[in-house]
């Protein structure tokens, strides 16, 4: 796949946005070293922009971002794409409404993932943002499309934009890369808060009808 | 309701103050993304200044602040008011001595709220600032005046400037917006410290007479 | 007591140092809002320099610092002295080798204080810095010399430069204000680490002979 | 041992790098005050560059770094070498493939060390970076080569670049000083995440064959 001229104009803005959004990861305590990545679909092309492999967050800029096709192959860039590229690409290929994907090992979300335990919907903020429990995906090894398939199978038909991949960590999706980053930030916040709540005693799930009405309002009336 | 000329001069200073106080929320670890808000009553008018909806803390300034009446309707501003405006407005309408309101989902306070458990008064700092246990308010859905009523009913007659709304998060009040922000900061600090204390064993409530004398001294002798 | 001319020269440097050391408190996560204070003895005079009451850490400078006598009375300054001045002054009056005092409500240390539980000496770093367990002082109300007496009685004859005042928080002492600040920082670090260790299981106290030899080496051979 | 002219050119770059890498320690929350140190082997000489003793991270620069021989004796520098120098030097002397060593008391790793409990390999990220459980070394007092021997004996034949010295804290090694710093950062991250996971329930070790294939891929295919 080559990059056509009309796509090239779009690409420049997306590279900028994806580079800028990566700064939200360390800023919100979601990553250490280089262990997390953001990608965005390129509208009108079977392409995505993603973090280069092994580059520190301080050194990321629009130019260092990498363009890949939806099989995860490098199309354009001075670095190798993130080792998680195959999972991002699989999501774009199989979930056409998704335009942004984020992967981190944020500690509280990953702690739930380590126990293979969904985060129960016990906070109104969770009902708003996730529309129910945050589900656990399968244990999958890197190297083929297992991780991508696990994400897609778990999130298809779910309200939640976040999945906890078993003994690995979270992936979040969104209508835009910014929405996927917001989901990653809110996920860690609710993973932390429910962890803290459960440390000192049981917590009650919110009634399903209340979850549904909160989620509906937040997604529609509130206008996100 | 319209904004008269003599109110307009006051408003400008209040917009500045409310914008500046919002910076204390992320600085003190009380919020992520846009999930918290500060408001201030406009003296001499049935108005309040509050955070616009969905604007990030980095982008808040005096100009972006929104003016609402005490039914929560927009009076002046370039953005929609925070989705929590109805709760703030209800408090100003029914608690005339309150001039500032803060809402966050700060994680330790929200963890107590998730368990619907009051924070017991086990620290001299809690006796000073809160004058007793920090109470839990009812579970209430957004969309009508349930949250506002829950805050007012729980805090009326209580020493505490903070209420933990069940499975939602804290609201704090004050004689000024700055005092309400201070209460939100101190609330999270005591919520955290008592959480940590209780993780490794039981803690003893301070004797009521000692709580009363500490609170009285702090509020009167110490001159706050 | 008045400030003589030869003391005045010394005072200026001490005001600078005490102001600068206050910045270490928020920087190391020991305080929120205005809830902690540092003081230093003025050599050659029965005086100490301490934080003014209710001033935020951002606004502290050499000029805003307050000079008090060893009964805690204001001698010089534009603000009231910290409400904890009586405790600091009592320590200087009764422990002539102490030249710096720090008080915070740092959360992990205060959590141990809330349970009235000494921190057991289970880390080599604790043996180095504290020479044994970190002791708990009595429950004491502010307003007379109870807190000061509790500190002095608990620390007299102890290796530890830190005491956990019951259901209140830590005080640390040092040969200099900087040493007392270091003790406050190290105290919170060991309070946190031992808290974390104990959360998942029991920890073994280091043998007394090893504690003694580590403490002796650190204080003497290592040259602190 | 003296410093020859061709070594001198190399030394200048290593001093720069070691000074710069120290900034990663406080930035990643691994140390407070002066309680951690980084060293690098000087290629082509039986020398290492290490942190001076008792100097704060803000004041470290290339010039303040200290050169020692592999028995830990000072060769060049304006300060005394770190009190942990003997342990670093012992590692360089006995593990010729190691070119960087880091020591911290990072709180979560030290909490596991306090319980003398290895961190079980329950996360894919641990399999990638550590190739199995993170082992505990013996309890050893400072002052002779006990700590150095404990590190070398525990890490020889292990995949892990990190050892938890009992009731003391972690040491990490690497092919470069930067790799050892990365190991220290990743260690604290997995120590924290597994701590959080275990707080609310049991976690399952990843199957040995999966650990082996993840470690092999990360070290070889992924190209680190």
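Letters A, B, C and D mark the chains as written, and numbering starts fresh at 1 in each.
Everything below uses one rule, namely that a contact is a pair of C-beta atoms (placed from the backbone, for glycine too) under 8 Å apart; a residue touches a chain by one contact, two chains touch by 3 or more.
Every value quoted in this text rests on a predicted model; they were computed, and no experiment measured them.
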| item | value |
| --- | --- |
| Count of contact steps on the shortest path from subunit B to subunit D | 2 |
| Interface residue identity across copies subunit A, subunit D - same or different by half | different |
| Chain located farthest away, centre of subunit A as origin (C-alpha) | C |
| Chain centre separation (subunit B, subunit C; CA means) in Å | 32 |
| Whole-Å gap separating subunit A and subunit C, where each centre is the average of the chain's CA atoms | 45 |
| Residue numbers of subunit A (touch at least two other chains) | 199 |
| Subunit B partner contacts - residues on subunit C that touch it in the complex | 32-33, 35, 53-54, 83, 105, 107-108, 110-112, 114-117, 141-143, 167-169, 195, 198-199 |
| In the complex with subunit B, residue positions of subunit A that touch it | 28, 122-125, 182, 185-186, 188-189, 192-194, 196-197, 199-204, 206, 210, 213-214, 217, 222, 224 |
